[in-house]
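Once you've had a glance at the structure underneath, I'll fire off some questions.
Labels run A, B, C and D following the written order; every chain starts at residue 1.
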Amino acid sequence: MKKEWLTVIECTPLAKGIYKMVLQGTMTEEMESPGQFVHIKTSAGTDPLLRRPISICDIDHTNNCFTILFRAEGKGTTELAAKKKGEQVDVLGPLGNGFPIEEAEAGESVVLVGGGIGVPPLYYLGKKLKEKGLHITSVLGFQDKETVFYEEEFKEIGDVVVATADGSYGISGFVTDAIQEKGLSFDWMYSCGPTPMLKALEASYPEARGYVSLEERMGCGIGACFACVCHLQDDPEGTSYKKICSDGPVFPLRKVVLS
Amino acid sequence: MNLSVNLPGLPMKNPVMPASGCFGFGKEFAKFYDLSQLGAIAIKATTVEARFGNPTPRVAETTAGMLNAIGLQNPGLDKVKEEELPWLEQFDVPILANVAGSTMEDYETAAKELSASPNVGALELNVSCPNVKVGGIAFGTDPELAAELTARVKKAATVPVYVKLSPNVADITAIAKAVEKAGADGLTMINTLLGMRIDLKTKKPILANTMGGLSGPAVKPVAIRMVYQVRQVTDLPIIGMGGIQSAEDVIEFLIAGADAVAVGTANFTDPFVCPSIIEELPQKLEEHEIHSLAELQRRAVAR
Amino acid sequence: MNLSVNLPGLPMKNPVMPASGCFGFGKEFAKFYDLSQLGAIAIKATTVEARFGNPTPRVAETTAGMLNAIGLQNPGLDKVKEEELPWLEQFDVPILANVAGSTMEDYETAAKELSASPNVGALELNVSCPNVKVGGIAFGTDPELAAELTARVKKAATVPVYVKLSPNVADITAIAKAVEKAGADGLTMINTLLGMRIDLKTKKPILANTMGGLSGPAVKPVAIRMVYQVRQVTDLPIIGMGGIQSAEDVIEFLIAGADAVAVGTANFTDPFVCPSIIEELPQKLEEHEIHSLAELQRRAVAR
Amino acid sequence: MKKEWLTVIECTPLAKGIYKMVLQGTMTEEMESPGQFVHIKTSAGTDPLLRRPISICDIDHTNNCFTILFRAEGKGTTELAAKKKGEQVDVLGPLGNGFPIEEAEAGESVVLVGGGIGVPPLYYLGKKLKEKGLHITSVLGFQDKETVFYEEEFKEIGDVVVATADGSYGISGFVTDAIQEKGLSFDWMYSCGPTPMLKALEASYPEARGYVSLEERMGCGIGACFACVCHLQDDPEGTSYKKICSDGPVFPLRKVVLS
């Protein structure tokens, strides 16, 4: 965990509103576990004030670089998208705990289920799982054809099924529809995406082994402010909790209350 | 330059501490720097029983500020006494323990127990948290209730008691005078301003709790004004806060009448903000021809 | 989309007007655009006698906001009636005349005289200006005084009367309810939050008047919260303001419970801000799937 | 009076903390009177919020350009100094009323008295007065040697006397000292600089004909907010007033109360 000025090596549009940024700096050395995130100050000064949490999508230890993919939507991400090659960005990271891959064994099959801007953290995860010798199917859900990204990259690590909500590309419907339609079976499920998607997955596959990565509005990103807590499924009304930023963002399926 | 400030219960190396609720119990920041550098640490509000707090989302960004409605989530008195405070003993830094509750009895119990911890130098009565619906808020906006609570907590506590004032009042000097009379050893101010943001997509408030407390640079002029106003009516030590981001901001609070300061929201954007400010302070004081903190403290700003 | 809003005394083409004190009497902005585009115009506070106001500096920048202590400078009732208002008659736009004073009699006199002007659609009682030391401020923070003043002005006035609420109170709903009961036809809110800044070079407040009113984006969350709170307790028309800079901000106020809005400080950074917002509004409403203003108005924000 | 995005043609340091910026745009066409100013939004967004008033130093109608000189001190001017050639800047202007030069006649002598960052508006004024055939002496006061600027430029329009407060360059002392030391006499005095300097000039030359340009913290810059008013010397406690932004910033000597 470091606060460092990183250098923008690349910042390019990938799909409608979606950008790819490659950042370089010594912070990369600390990045091991897929699914961690960085917390980015998109501009000096107070406008906007808070950092923006963005998942690490890919890591290149040789060049001390890592990749993030993000949707330029609000003020902070729009400013981030405007950074040019060579500019410096104030980044805190790597933060949180990524996807555990120790238990998954060579030869087993994995489904990576990503929804929209939840897709990025699954990419480096997939690479790692492939290295371990697992069979990977990626099910990637997007709004429409224009917002599809990284299909080719995921193809390099396994099979890919794309679904779009409006049916303009791939399977029409949600990722759960796509998994069913393809009749996919798997030993492990790793997922990241909007909460309703994660809930649907937990409901449809109540026995599945695996992990989900969550999002929540954050203050500090390091576990100090209690902005990002969630209840546990075995104590949904009680005082036990997990912090998404520092205990997560990745949790075992059915561990925490998705809300 | 000697930066030390000796406040009741808080022998501070320098006038800078992190603000309550913005620093947890220090563990996260200890990964970034040695907490012994700090003037003091205001720990997260502690209540007698553990609290989960409010549903999420609990924070919302605003222009130059943020809203929070954490809802006093904390592990409860016992755990704070048995785990958090002992862990903090490894650092050479006095602790200002923030106390909250819904009844006067709660405050008394927590105050009594927390004062018994060896590294708790003083208590900070959180009578002003806008995020708790029972009690809390009323204590902070009604001078009589605030005074009664202060008097009772003073009896229960064995260390100095600071009262944290709410800015959501018409006349902050009335509360300040009331708690001073009731025996407060110091004041901390300001807590957050009650605010709200609406998400245009959902047409609903962003915070699950509807409203929350506004902090950050946006509120600094209100905080400076209130410290200044209160400094005109009392000689009690004042720990000033609200939007501090830099050594200059600290100096502005000191001139306004604060004896020391707390830094809240800025810890989220820069985890090193407190040690950076402490490092910068001597030079900035010199730049502005201030040769000792004593020069500024208690100096009424006359024009 | 039909943007018109029909408020007591103010048949507005659209829900956007410049806020009092931030638009003079319109002359300067008429050099930039046709004032008939505006929903209404809130003119500068008028007092019975001409006032010079406070010494300078009268403004100070703050983070995402500004402080002002103009001190109600204005040419006085007669000149406003004889020169400023007649000049504004060339535009097809209703005028909300902001009335201030130090005594109830002052308010009555100004209210009576201003209501007689043909283009004054309604009055806005400035009971909340933090920059006048006599009267003013007390009227706005004491529900009983505010109610009495409202009742007296209602008797004197021949057009609808809006009361402009001060945010420098613990409970804004108490004042809102009091003035409603006293006969107010509408509410405008919020006026500025009392704040202060100190110049590190001089060690003195930047404003000659020491304190001033905070406005601009920094205060928007406080304004939204107050509009929301007041909307829960009254059905009076509310003209919302505080930090509005864009059509999105306008929509946020409308969802919070405002019927129309006023834009203040933003006129200083962009003289075209009002017509720009008016132009953008239909598209932004559509983007957020709002098909008529009526959909939003009076809609309690339930969560 | 326009609001326009102007193009930065040049932005270069001139002296310690002092920058020269050349801006291009159609607004230049409206610039006639020397001593007017522009009101600049130094960054998009709210940080900083308000515009910054800066005097017009020189006008080049041929190329639709004008020059400003400013001290990078606070947030806004520091950001302005960081603009690069080709960038766009949001400018409101030209504002205010400049120095009247109608009454000054060919052959008469003029002293231009500038203090620090009050020097810039006198430059175009001097050029105009020279065109009219007046004899010009510029008395320019600075803090120290490092902050002296535009000495050469002023030499092109007449005699130049430089004074520095710390004596590190030119005459040691204030501009008033310099005028006395040189025994200057003049038909007209035009001045801009810190208020104490202007007051000293009015006190030392109670009969002088001429004009002063004032500064005050501004809100709107166009006469609407009443932030920048001053009293009149013939009604110092009364309700008559002038707005520095729209009635000024230039006023006849001894017209308004300097405070």
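Of note:
We take it that a contact is a pair of C-beta atoms (placed from the backbone, for glycine too) under 8 Å apart; a residue touches a chain by one contact, two chains touch by 3 or more.
To keep track of the chains, here are their UniProt names: A, D = Dihydroorotate dehydrogenase B (NAD(+)), electron transfer subunit; B, C = Dihydroorotate dehydrogenase.
Because the structure is predicted, anything quoted here is derived from the model rather than measured.
Set against one another, A-C and A-B show the most C-beta pairs in contact at A-B. Each chain gets a centre from the mean of its Cα atoms; for chain A and chain C, those two points are 46 Å apart.
Centre-to-centre separation of chain A and chain B, using mean CA positions: 36 Å.
Spacing of chain A relative to chain D, judged by their CA centroids, is 56 angstrom. Chain B and chain C have Cα centroids lying 34 Å from one another. Those residues of chain C in touch with two or more other chains are numbered 62-65, 217. Looking at chain D, residues 46-47 sit in touch with two or more other chains. Taken pairwise by the contact criterion, the protein chains are fully connected, each one touching every other.
Across the complex, chain D meets chain B through its residues 46-47.
The touching residues of chain C, counted against chain D in their complex, run 21-24, 27-29, 31-32, 44, 50-53, 55-66, 68, 70, 73, 75-76, 206, 216-217, 245, 265, 267-272.
By the touch rule above, chain B contacts chain D in their complex via residues 63-64.
Every residue of chain B that touches chain C in the complex is listed here, in rising order: 62-65, 67, 141, 168-171, 193-198, 200-201, 203-205, 208, 210-211, 214, 217-222, 224-225, 228, 243, 248, 251-252, 255-256, 288, 296, 301, 303. Interface residues of chain D, counted against chain C in their complex, comprise 1, 3, 41, 46-51, 92, 216-231, 238-239, 241, 246, 259.
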